[in-house]
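The structure appears below as structure tokens.
All chains are identified by letter, namely A, B and C, in their written order; residue positions are counted from 1 within each chain.
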Amino acid sequence: MTARQPARFLGKAAGRLATMGPGFGFLTVFMLVPLALVLSYTVFRRGRFGGVVYEPTGENFTRLADPLYLDVVIGSVKLAAITTLLALLLGYPTAYLIAKLPARWKVIALVAVVLPFWTNFLIRTYAWIVLLNSEGPVNSGLKALGLEPVKLLYTDGAIVAGLLYAYLPLMILPLYSAVEKLDPELREASANLGARPARTFWSVTLPLSLPGVLTGCVFVFVPSLGNFVIPELLGGGRRIMVGNLIRDQFLKARDWPFGSVLALAVIAVLVLLLFAQAWASRRAGRGA
Amino acid sequence: MRRHGWLRLPFWLTYLFLYAPIVVLVVMSFNRNKSPYTWGGFSLDWYGRLAENDSIRTGLVNTLIVAFGSTVLSTVLGTLLAVGLARHTRSRLLDALSTLPAILPDLVIAIGLLVFYTAIKLTLGLHSVLIAHTVFGMAFVTAVVRARLGGMDTSLEEASRDLGAAPLTTFVKITLPTLAPGIVAGALLAFTLSLDEFVIAFFTAAPSEPTLPIVIYSMVRFGVTPEINALATLLLAVSFTVVIVAQRLTRLTEALR
Amino acid sequence: MTRRVPVVVASVCLASALTACGGGGAATDSAPTKLSASADLSKQSLTISIWDGYSPKDLPERVKAKLGFDTKVAIHDTNETIMAKLTAGGDSGIDVAFVSGQYAQALNAQGLLEPLHRDLIPNLSNLYPEASQLAYDKGNVFSVPYTWGTTGLCYRSDLMKTPPTSWKDLLEPAKDVKKKITMMTTERWLALPALKLLGASVNTTDQATIDKAKELLLKVKPDLLAYDDTTFGDRLKSGEAVMVEAWDGWCPTSEKNIKFVVPKEGSDLWADTMVILKSSKNKEAAHAFINYILDPEVHGWVPANILYRIPNKAAMEKVDPKLLESYPTLAEAPSELLKGESLVDLGEVSTAYTRLSTEVSAAQ
């Protein structure tokens, strides 16, 4: 036993380095360093005409306390949360059924999910504008049925629809990955023990696929918060989201220091979210 | 599928939802009228205009290079990372770190990388965009593959090791094939995200080597013409054909069985 | 876990070192470099950044034929994105950039522009004298205007009972146009109608005035269809909107029922300009390019094809009179246009306008 230990230790370290070394090495150079560069602006000042002046100051942080920004964040979180919930309600059944398809159809079904996204985001958004506006097919259809046209465009509902459309594949693919591996025997065992399908789902299927659910939720929630094109084009600029806030500071006000502080605040909250997801996933993994 | 009757509704609703605007834009590409609200007759004019548009062609080629390159890199780095995170560490910090690029605002990544490239005096080009896209592509691949690894049955791997196989052999012959559906899903995601990414590409690309999203976004000033819808329709048709052919010819099916 | 800390510390140290390097670069010498009028241009090449469709498609070929060097055309979608790229410092790879006047002013204040060598641009004499007196760059020290225009109301003459004449028609809309009007989202143009209605300058830095403008904008928000910088032309054509705040060149007056008017309280004067980056390695070619653009034959492409007004007297005099008949805005004398206030960069107060736009957008 003792003779094997040094070899095993070497194996473990080598295993760590081989698997995580390249990835984290790459991320350190091309993500952590650039991120540190941008976040370093938080303690400096905006130059009179833009750019960064390297004189330390804490004023960017005190500006954060303004209730205006909290209002925007709360509004964004509401819409992003609704989008995530809808994505889960649509995405889980879809991923589940794709996983049950015969192998030949699985590929086609998966590709069919992402194929629309091999066109262009702006074109798809403009297509939604065509669909939703008062002259578009939806309202024309309503009018043909003798119903009142509904104001669909330039509403919060349009924003949610746009966000849901943009990020649904990011829910479906991780879910598929998690659901596909589930051992059907477990579900059969549960059924044989007398559990009804709903019970099997809640007690067996869902907990086992939880890592995928959590990943999918994070992947939909986070970019929904940060998107700035959809609130402008589909929401008519009537509501701004966190993404618009950050974009406006960096690009319009050319206030990189304050933009960094806003970004830092948002990232800090999202990192907490990531930790929560990682913790929950590992717990679910252990329980399996 | 019979037993899951009630699941079929959201399933078909999803596809209907995904393809509704696609139908609109395909129809628009054949409309002689520029305005989408009136049908002016069937026309291939926009496709003709498209063929003459150099900047779109260049953009498309550049985008494909970046997308394929970053997908390969992301998939390799991301899969390895996912395995490492699942098997060789219990650190939640590392978990969070691996997914960090997926949650950073893209403008922050964009400006951060531009300033970084400037500081190390790297000339911009397709390579600078490729690296940038790998940064977030990796995060998505790692997460998707992790979702598959979590709670995965390790008895086969243990058996392999106990029978004396080297770790590398176990990895290649046992772990990878089991992971295959996750890897395919992750790669698909990374590719899709790179194809359509604008913000990061704009800031990290050389001015004379734009990607397709950069070209299209910049055309917005004078309004979206059906030329772009024609492009989108073509892209769809080509991608669909390529995937069907690839699926017939390769072992994609094998991987998923 | 502990293994991570050294790496994070190292990357922070590296980042600080890089920041120091980056910071040093900002303080550049603003004296012009020595340029020779007889430099061999065929050894240079040019990269320009411009809005899509804003220049002739065959411009690179024509430049190659006339001047002998290659031109690459990069496109940007807004002032803001190209500004961020140029401000990041270093060599962006761009020699000549097309940016609006107040942005050129900001670039120059950051030391990023090459002062123009007037002896290399003899065609400057083709410009209207007033084009060299624009507030953001008096004397065309670092920029040459390419197009200019104003902001006003673009409306459906067939769908409005009385044509609009004042910014009040937009900000205090009549019952029949409520929910059928749009305003622009870019903060300077969002504030413009309100500021003008209050009788203030479009370049005001007075916070009290800006707050009053905000009140007016908040009041009209429920009556707006949307805030729209890009698709208002389509909204107007489809009849979804009957009156929109628009730049003159964007207003689709080629349509039978669409007209453009500058409200009586006045408006702005915007200009899109050409600037040469200090980091450019092809400064002689850049000057030659700008000189070429100012040639009446070349510059005349703009009004003839995209219906924008240009500050080039020699070129405007050559515009087809039939065109001027169909598009009255084009025919307007520069003296009318110059009644507008030239937009300038507002320094620190820029952030006050961004805040204004955030507050208005966030209000529910």
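General remarks:
Heads up, the rule we're going with is that a residue touches a chain if its C-beta (ideal position, glycine included) is under 8 Å from a C-beta of that chain, and two chains touch if they have at least 3 such contacts.
Please read all numbers here as calculations on a predicted model, not as lab measurements.
If each chain is drawn as a node and touching chains are joined, the picture has every node linked to every other. Among the pairs A-B and B-C, the greater number of C-beta contacts is found at A-B. Centre-to-centre, using mean CA coordinates, chain B is 35 Å away from chain C. With centres set at the average Cα position, the gap from chain A to chain B is 15 Å. Counting only residues that touch two or more partner chains, chain A has 24, 33, 37, 135, 250-251.
Shared interface positions of chain B, i.e. residues touching 2 or more other chains, are given as 37, 94, 97, 111, 115-116, 119, 217, 220.
Chain contacts: chain C has residues 18-19, 22, 81, 84, 231, 238 touching two or more partner chains. Of all residues in chain A, only 11-12, 14-16, 18-20, 22-24, 26-27, 30-31, 33-35, 37-38, 89-94, 96-97, 100, 103-104, 106-108, 110-124, 126-128, 130-131, 135-137, 164-165, 168-170, 172-178, 180-181, 183, 197, 208, 211-212, 215, 218-219, 222, 226, 243, 246-247, 250-251, 256, 259-260, 263, 266-267, 270-271, 273-275, 277-279, 281-282, 284-288 touch chain B in the complex they form. Of all residues in chain C, those touching chain A in their complex are 7-8, 11-12, 14-16, 18-19, 22-23, 26, 78, 80-81, 83-84, 87, 105-107, 109-110, 182, 185-187, 221, 224-228, 231, 238-240, 345, 347-348, 350-351, 353-355, 357-359, 361-362, 364. The touching residues of chain C, counted against chain B in their complex, run 1, 4, 18-19, 21-22, 47, 49, 51-54, 72, 74-77, 81, 84-85, 88-90, 92-94, 230-231, 233-234, 237-238, 306.
Taken in their complex, chain B has these residues touching chain C: 35, 37, 55, 91, 93-94, 97, 111, 114-121, 123-124, 202-203, 206-208, 210, 214-215, 217-223.
The touching residues of chain B, counted against chain A in their complex, run 1, 3-4, 7-11, 13-15, 17-22, 24-25, 28, 36-37, 76-78, 80-81, 83-85, 87-90, 92, 94-109, 111-113, 115-116, 119, 131-132, 134-135, 138, 140, 142-148, 150-153, 167, 178, 181-182, 184-186, 188-189, 192, 195-196, 198, 212-213, 216-217, 220, 224, 228-229, 231-232, 235-236, 239-240, 243-244, 247, 252-254, 256-257.
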